[in-house]
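I've put the structures underneath this note.
In what follows, chain A forms one complex with chain B and a second complex with chain C.
After this line comes the complex of A and B, so read on.
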């Protein structure tokens, strides 16, 4: 696990600033304004081009040691042990708190644009407990960030909180991404509740060339779904929202978190999905992230993946036989029957991906998504054990 | 197009697999499914970096061609020619350009009409300012250096060693070794022509 922010030494910055970390290739490309880049003087090739290079109007410099910084120019010291900021990444320097944070990491498997901390649901297993604060400033921050992201970035996820609470701000963000990053697939995680009424869903028609909505549904019955999201009427709103999104020609993924009450009714849920939402492009069945509210509700939520096998196999089989695409997220391979391995994705973001000591000798470690870094014994499957050489070839089980 | 090709390719190889033994059928079906699935998510950069961009740097074979634009005219050909009697006037140190308008000298009219009369059509590629050109040459030098060529110092001067490095790079990429910053060369170097 890597830290995403750290206390650092810095000077010359007047306000929080988003900056692209630049070495020679980022400079050569000419795709980003010099005034929004920090020249990475930690790079030996950059130092050979010094000092002519340093006279360019860079926003500032990244150094290992404050003494490296050119006099009179803004700088931030990020020695390797503080933060893993690499060329192409976007960092934010915050002079007030003397912090630097990674906002975009080149080559990471899951870069997110964090839309808002507000949410209208209070899911039992929420990994990002909402706060009711005014954070509309994030709209312009995300737009500024999008401008500094690599043009060949394959995909980004907009998440929160509930992004539709930004109102037309979400449209602005998506439109801005379409302009700044037309080749980047955009995945927006929303509970879908706000799409039910009015014209919100249709306002996204044609806004972006590769946009997909990830919407959670936790039950085939309103009672179960409303209980999981702790909000009365949420099931009806989300269902109306899903149909509104479909009518607005939006691409939809259904996301199901595999907590105990949901797993108990999963066969009914997948049948409900096929009968009522056959147009969804993808169904993601996801292991629980043991952080946030989830930790407080361990007893209500925890079910060992080893005990889900039969239900998962039935659900995956049911959906695939009906041409509905399904994937399994956040579940280590050793906890799944072999027949489900082809559906398992390495879904845990690399910076919070973790393996246990037992995983060292595992033959399929490189194919396995591992565990969340904050996993505790209470959240660890009893089935966790290394898959031995030879075992991984076995297709029947 | 690309997506349909990906999928078609996968289907073909799946059929191929079936023809060679049914034990692979499941696996091949899986591959086909994956290809269909991936097709939806495929991101293809079909366009090169610089498309429909006028390259105002392509004709520069030497940096010694722009600080006073007023003294000559390139006519309507769009090709920029350096005045023969030109001597460089700027100091070697780079001065950061002012944020908004290009620094003096004012750009010369790109046509031979008298001032105040606008041509009906644009008559050619605009010229870069001295600072724009220096910066672009620096970008090219940096790109050459990163790719293992030796352009000399990264100083924004189109020196003999920079031109030699450009020609070597062009040769290696099957481009005409002109030693100039043509659009093709810039695409191959990964240098954007837009600001």
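After this line comes the complex of A and C, so read on.
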């Protein structure tokens, strides 16, 4: 696991500032204003070119050691052991707390734009417990961040909290991304509840060229879904929201977290999806992230992936036959029947991806998404074991 | 943090019935099929269903959630929503969205066959007054583009349309010319015996990506008996036509239909095996229709619907056996009914819609410039009954829709509102066919207990549901595969060739 923020030494910054870490290619690209880049003096090539470069109006400099810092200019010291900030990344320096945080990492598998900590649901397994705070300041921060992200970034995820609680701020963010990053897929994770009434859904029509909504559904009837999200009426709101998004010509992914009460009714849920939401583009069946509220509900939520094999295989088969694309997230390959491996994605963000000692000798480790860094024995499948050389070829389970 | 247990989310206890219909399973008295207004369904124990209707179902029973999820009951209205039911309903009826997509052009009534079951009263080969004139064709093209459908299927029928191919050619050229500014998606189909196909005709059809639909009634003895030509070589010529068509247009471009005479009913295996021998993966088994010459020869060729259903059962089991062997072959009508049972989607078939597909899904432009809402209506006209003529090609589409004929079709065109249909568990999956009822029973509304249309529908729905419900896992997969392919193809073939 890699840290995303750290205490650092810094000087010359008046306020929290988002900065693109630049070496020669970032400079040469001409895509980002010098005033919003920090020149990375840790790079030997940069140091060679430094005398010519130093007079340019850089926002500041990244150094290994405060002594490298040019006099009279803002700087931040990020030696390798503090934070893994690389050229192309976007960092935020926060002078009041002497911290630097990674806000965008070039080449990472899952960069997120964190929209808000507020949420109108209170899911049993929430990995990001909501806080009821005023954080609308994030809107302009995300817009500023989007301007510094690589133009060829394949995809970004907007998440929270519940992003629609930003109101028109979410439209601003999405529109801004469409302008700054027109080639970047945008995935917005929302519970869909706010789309049911009024004109919200249609306000996104045509706003972005590659936008997809990821919306969770946990049951084929309200009693189950409302329980999982701990909110009365949520099922009805989300269903109405899904139809409003469909009417607004939005692309939709359904996300199902595989907690025990959901797995117990999974066949009914996938049938419900096909019969009622056949227009969704993708269904993600996802292992639980054992953090946040999930940890407090281990007994209610935990079902060993080894015990889901049959129902997962049937559900994947059911949806696939009906032209509904399916993926499996957050489930190590060794816990899945071989027939499901083609559906498993390396979905865990690389900075929190983790492997156990048992994984050392595994022949398919490179194809496997591994585990969440915060996994504990109670959240580990009994089926977890290295796949041996040769076994990975076996197609029948 | 404070979490609440599941039972706290049940809402107020109790429930209401949503519009539903049921049918005791003919093969199991203890169970019922229950369908929603959008055609979602489940099979339940009769005694449990009685408790549902009496309001005695407990919300902790698994059946409660199942009935809720299939929109048969609604629990606490403050927590539930009808949005999925409405969406399912819109999806099921989406064939209504763009108006008629199927446009049948009858370019000539001439034919070199003398089939006893001919539905359209064909005319001798030399009788060119039964050809569509240039002026009629020009008007018909104008009318075609007055309809709003983004996809237009243009089907050429006869008689034998190849006998007046010059009209096919001028129509295609005029339609494509006009479409340069219209930008519709066009699809050309020709219903033909494929006899005497010239290289020139084939080249033209290849250039315009025609689909060929022909009649093949089974093995040689049966086909030639059903479809006589003076030379007694109809089978041989059809086979040659199929081969030449496939070579020129591709394997998948040629499809065939079987019309079942009384003779055919004795040969279900032979008919299917013939199709397999010829490499077909699809077969259409159609009972005789009471139109045209078929009506006059009914005594000789006809049979009760029960005989057809018996035939179909044997045929279905034979098809299942063939599929189990690994050779894919589907029956098109069964596929369509299964798609209604096993998928939430609409279908492209015009004869089984509610509201009716007559005039709403299809329009027929006859050789003489008259316009009909369906092939059956023009067949009636060819027998001298013009009750369902919408008008002429030189009148506007809105005048057709205002015509007494169209009003009459529409008044009997909603199955959910027809006597007996209104209470039938299959009605959300079925359709209204007022013109067929008029032809058979003299009344557009018709009398279901004596309706052959209804016997056929009920018989086939029961049979297919039973085979699916009681079939082996393999048979279930085969039947599901038919249904899922039908919806995957989008709008499937819409009309049947004469």
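In this text, the second predicted complex is superposed on the first by the 397 of 397 C-alpha atoms of A that agree within 3 Å, B and C clash if a C-alpha of one lies under 4 Å from a C-alpha of the other, contacts with A are read in each partner's own complex, and residues count from 1 in each chain.
Please note the rule applied: a residue touches a chain if its C-beta (ideal position, glycine included) is under 8 Å from a C-beta of that chain, and two chains touch if they have at least 3 such contacts.
Computed from a predicted model, the values in this text were never measured in an experiment.
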{"item": "Which of chain B and chain C A:184 touches, first, second, both or neither", "value": "first"}
{"item": "Partner chain(s) touched by A:210 [first = chain B, second = chain C, both, neither]", "value": "first"}
{"item": "First, second, both or neither for A:198, with chain B first and chain C second", "value": "neither"}
{"item": "Partner chain(s) touched by A:28 [first = chain B, second = chain C, both, neither]", "value": "first"}
{"item": "Partner chain(s) touched by A:56 [first = chain B, second = chain C, both, neither]", "value": "first"}
{"item": "Partner chain in contact with A:297 - chain B first, chain C second, else both or neither", "value": "second"}
{"item": "Complex interface listing, chain A residues touching chain C", "value": "122, 124, 129, 220-224, 226-227, 230, 232-233, 235-236, 239-240, 243, 246, 261, 265, 268, 271-272, 274-278, 293, 296-297, 321-323"}
{"item": "Contact set on chain B toward chain A in their complex", "value": "30, 33, 37, 40-41, 43-45, 93-97, 99, 135-136, 138-140, 142-143, 145-146, 153-156, 189-195"}
{"item": "Contact footprint of chain B on chain A as seen in their complex", "value": "24-25, 27-31, 33, 35, 45, 49, 52-53, 55-57, 152, 154-155, 183-185, 210, 281, 325, 342"}
{"item": "List of chain C residues in touch with chain A within their complex", "value": "1, 3-6, 8-11, 40, 59, 65-66, 68-70, 75-76, 78-81, 83-84, 87-88, 91, 343-345, 480, 484, 488"}
